[in-house]
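Chain IDs A, B, C and D follow the sequence of writing; residue 1 opens each chain.
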Amino acid sequence: MTGLDYIAKRVLFALATVFAAVTLNFILFRAIPGDAVQALRCQHCTVQFKNALRQDLGLDKSKWEQYKLYLQGLAHGDLGKSVRSQRPVWDELWPSIKNTIPMVALGYLFSVLFGTIVGVVSAWRRGTIVDKGGLWTGLAFYSMPPQWLGLMIVLFVAGAVGLPTSGIKDPTLGILGDASTWDLIVDRLRHMILPALTIGLVLYGEYALIVRSAMLETLGEDYVLTARAKGLSSWATVWRHGFRNALLPVVTLGALSLGYIIGGFITVEYVFSYPGIGLAIVEAIDQRDFPILQGAFLLLAISVIFFNLIADLLYFRLDPRVRA
Amino acid sequence: MIEAARANGSAILEVEDLVVHYPIARGIVGTMQRRPKLRVHAVEGVSFALRRGEMLALVGESGCGKTTTAQTVLRLLEPDAGVIRFDGEDISGLPPRKLRSLRRRMQIIYQDPYESLDPRFRVRATVEEPLVIHRLGTKEEREAEVHRALAQAGLDPPDLFLDRYPHQLSGGQRQRVAIAASLVLNPDILVADEPVSMLDVSVRAGVLAILSELRGKGLGILMITHDLSTAARFADRIAVMYLGRIVEEGSAHDVVNNPQHPYTQALLSVVPKRDPRERTTPQILRGETPNPVHIPQGCRFHPRCPIAIPDCKEIDPELRRPSAATSPAHRAACIRV
Amino acid sequence: MSLLAVTDLHVWFDLPNGRQLHAVRGIDFTVDESERFGLVGESGCGKTTAILALMGLLPPNASVAGEVLLNGENVLSRGEESAAPHRWREIAMVFQGAMNAFNPVRTIGNQIVEPMELHEVAEGKEAMRRARELLEVVGIPGDRVTHYPHEFSGGMRQRAAIAMALACKPDVLLADEPTTALDVMVQAQILELLVSLSNDFGLAVVLVTHDLPVIAQVCERAAVMYAGVVAELGTVDRLFHDPRHPYTRLLFAATPDLYGTDDVASIPGAPPRLDRELTGCPFTPRCDRAFSPCPTITPRLMEVERGHVAACHLNDSAIRKAS
Amino acid sequence: MTTAIEAVEAAESPVDVRPGLLRSKVLRQPQTIVGLSVIGLFVVLALLSPVLAPNPKEQVGPVFDPPSSAHWLGTDGGGADMVKLLIAGARVSLLVGFCAAVVSAFIGGSIGLASGFFGGKTDTVLMRFTDYVIVIPDVPLMIVAAALFGRSLTNIILIIGVIYWTTTARLIRAQVKSVRERVYVKRARALGAGNSRLVGKHILPQVAPLLIANTVLLVAYAIFAETFITFLGLGDPSLISWGRLIENAFIDDALLNDAWWAIVPPGVCVALVVLACTMVGQSMEESLNPRLSVGHLSPRRFRVRPAPPPREP
């Protein structure tokens, strides 16, 4: 087998998984008692309206027909229509996605940076105070429910640092006079920091633990002894022979934990009323707007599959053994 | 050879033209490009016979197919072609259900004494297990059999060992327990796959002596080993394998003292001697054994052979009696001898 | 003065249960320039621990005592601090199981160059050129510096490990079971290489193995270790033809020889546990010639002839007479 | 060819489980003992909750009353005693945690065992399936499933249990595969031992400790997942769990009332139990899989000591 095989196999696998996610999505939403329309909660939802909606959504057709329609729609990028607002799901979700991406990216960056540093140093100084500190803070943040950590930050941190705890934009901004672009950016950032910090801290715990244990495992390998025998200082050994090898499991496990991360940001966005995709999911649950929920879940699933594919390809870059 | 063995009626195991291949996965890209299917030619036409009360050593370097041969003979791997005759009956196509009763009579001990015993089983349970699986004897009878087998394997007195766990035993003792567990069913043949290579030098001889003693009692032993000194010292006959074929076979004395095939000669020359005064110049073959996927045309040894002639690239030699052999049972697969 | 002189070397390990394992219990030997010295014994006799101690490559639960003089300097005087500067420049090592001696994600060349740059022997292109040369010296085409370890066979990896050990032109090469996992033909190639290195470059080689015939064929002198001490030390010729410790004699007798006709017999019993103090000669329970002083009096290494020492009461006429 | 996931697993080199291993290695570690005590304490509280907190939702004082001698942790947004609520919450949270973990361990264990033991096509199919499920984000799937299938305790347990089995399946498969290749299993197979004997006598006993360790870790995940689901208003409305207490505090605007006592304790309880389970599970896994125990690099160094005096005969 060649390296090309590896790539081909991973891409095929990703495509197959997308298909599996799509199908699962369809089955889940058709398996509920009643149908998507019945559970709808809104003021103008009369029986006539609901029946019209059923016809409109194709719910009166057979399941198989519906599946084909669903696949056809998806193939054209059509995620369906929100039953509440009657707007396409994609149009409903796109603004939320735009809000979520920078916030999660900020939190992710924070966690990867600090998690890696703490994990590496912790493993290097194994058994010392530094290690114990890293290990226990990691474990502590890892053990806290993200929504609760968010509440703790609102309760104890937000006031002290004077950052907003809700929404994405200061409602007073622009009322007293035109806000400059700079003001808008700063305001956006200020709203982003606390939710990003919450996500960052939860993930920090997870990454610090993963990196530490991957590093420890690597430092037990024979080539580390060889490196020491060659006269490398202990830091040089860690850097040149520990770090890159330890990255291999970190990349994989990091991608696999994405499902959990997403669960985290749904609740965190809810706590901070941050209008991202998580909040959209919460609102869709509340209003029983299943097409939105379905669309959001599919988008999340595809993004996780995508990042797993990225991790696999990164692995290919990092480990010459799969390139053989 | 096989005819001779059958004539005196004592061959317990006969193997004829055994072939075992493993397929290699081509991968997605390879399949799409319609690359040829590749196979590992692990065993390519091996024939030998093992008599009762005889120890035959299959000798060769790693990858030569000796372990595959042994496992296939016991039907732990499926042969692609060839005949395996056990006590006169062809077992190469026997369905698994019918094999079960035969398995009692063919036992195997493995190389690694640290992996060969269930760490949660006491010695008694390990040795008794074959009897339990085959539902033989009452509890008392089984206990007596366990005692007998342990004593036979040199764990004397057995009572000292019965209740121990493997981690309370030394490597040599573990290997003896493994031998006892295979003796308890009174097998006709025993395959010993590198039985001492993981043991300390000082205890190896003891384990080999046990095998030697068992052979004296009529057991046929097929020993797989890479160690020619051990084979020379303990086996009755030696068969040397190279890339899935037997290239030379004969009595241990003939093969060691009058080697005919150039591969055997090279192999013998690189075995370090115990006596520092016997410093011979080893005849070192360059390179490593080619991988068994692409086997050279003609004689499979010719690319590394010091005496190869152009004909060697064409002719795939058969095992036959070399002109310099002193015994009719000594055969080598080389057109130059 | 010898190139490498080991005097009264001890190594202990603290065990989790609070006990101490006295793995190396006072050994002495010297190695000269371009000499091939063997350290032979069964598993657990302390031979690997002893040579790791020569480089100061011991785990944190270890403690050492004694003197290791390398070119006249005591390597162990201040632990890691005094040991580290000597590593690879003066004393390099080939590890058991070359499979794992290389980092799988770096090229072979990169790993050979690494110590050169570290010890400022060579740098950049010059270092890579030297790496190619070294590979050629051990019989690997130089252009394979860009390959990764998994692209090498077991034998080639062991050769590459030797090339890596030669990177900084060391005086002493320690080889710990360098051929154990290899086939006889490849073993012969590696041993031939070690011999030619010591002959051609004046390299001193310390070969650690459990395989007596290998020592007999490759080394000039050897020490037979048992239970953390040297039982006998001398030229391999004397060790084989005139062993003065029963263990040496029995160990040779337990090793089958291709053309030997004598009985091959195992040594009954097992080596003692080293996590408790030993009294008397540690080999007593397995010895076929033990007599009254053996269980109580620890034998010291005595010179039985020039350059040949053994730790056995049989050689001590005073003790033999007394009992 | 290895995929990234398999390469991570390949690092596992399982150790032989021999008699007394758990007792001698696992139970000696202080972190296991602390973790087990914490879990034990909460289990006892949960079991005694009908006695200690028979009617937890009963209003006993003003809304968001701060801690006092009568109510150690004050009252919540409904004026109920926080201590009683926490004790009652322990019951549901632990129930969900343990039951869902058992469901997961059972599914994952069975799939892993079948996959590892039979190998071949069975293995390929089961692992392909597992890989699909691994990559689909688990928490959102649970949320969606909970939103669709309703809010009973059983449903939540099943949803968590049915989704969280994948890592267990992979772990158990790897272990079973390696045990299956052990010589003693091969020999028993060569002797003609049936599958039930091979699994029951040789393989399961080797795999069971790892499965138990993994189940303990799963308890932590499941308790966590319950708080997510409940926080989004998808829990059983009639039951009190720690996740629900966090939700209630949030909905009832404990933040605006500065009622930290209504928010902090349930999260601390969750964190404590999750931490305890993680500690116990990890220390068990580590002693069964001691690849972290040898380090060639340590901030501590070997020591040099004076030579012992030569012992004169």
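Convention: a residue touches a chain if its C-beta (ideal position, glycine included) is under 8 Å from a C-beta of that chain, and two chains touch if they have at least 3 such contacts.
All of these numbers come straight from a predicted model, not from anything done at the bench.
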item	value
Number of hops, subunit B to subunit D, where each hop joins two touching chains	1
Topological distance between subunit C and subunit D, in contact steps	1
Between the pairs B-C and A-D, the one where more C-beta pairs touch	A-D
Most central chain, judged by mean C-alpha position against the global CA mean	D
CA centroid of subunit B to CA centroid of subunit C, Å	33
Averaged-CA centre spacing for the pair subunit D and subunit A, given as whole angstrom	22
Inter-chain centre distance, subunit A versus subunit B - centres from mean C-alpha coordinates, in Å	56
Shared interface positions of subunit D, touching two or more other chains	1, 294-296, 298, 300
Shared interface positions of subunit A, touching two or more other chains	1, 5, 9, 221-222, 225, 228, 248, 319, 321
Contact graph of the chains (line, ring, star, complete, other)	complete
Sites on subunit A touched by subunit B in the complex	1-2, 4-5, 8-9, 12
Contact set on subunit A toward subunit D in their complex	1, 5-6, 9-10, 13, 16-17, 20-21, 24, 28-29, 31-32, 124-128, 139-140, 142-145, 147-149, 151-152, 154-156, 213, 216-217, 219-222, 224-225, 228, 234, 237-238, 242, 248-249, 251-253, 255-256, 258-260, 262-264, 266-267, 270-271, 281-282, 285-286, 290, 293-294, 296-297, 300-301, 304-305, 308, 311-312, 315, 319, 321-322
Residues of subunit D that touch subunit A when the two form their complex	1-5, 7-8, 11, 131-132, 134-145, 147-149, 220, 224-225, 227-228, 231-234, 243, 246, 249-250, 255, 258, 260, 263-264, 266-267, 270-272, 274-275, 278-279, 291-300
Residue ranges of subunit B in contact with subunit C within the complex	61-62, 170, 172, 200-209, 226-230, 232-234, 256-257, 266-268, 270-277, 279, 282, 284-285, 288-289
Subunit A - residues contacting subunit C, complex	221-223, 225-233, 236, 240-241, 244-245, 248, 318-321, 324
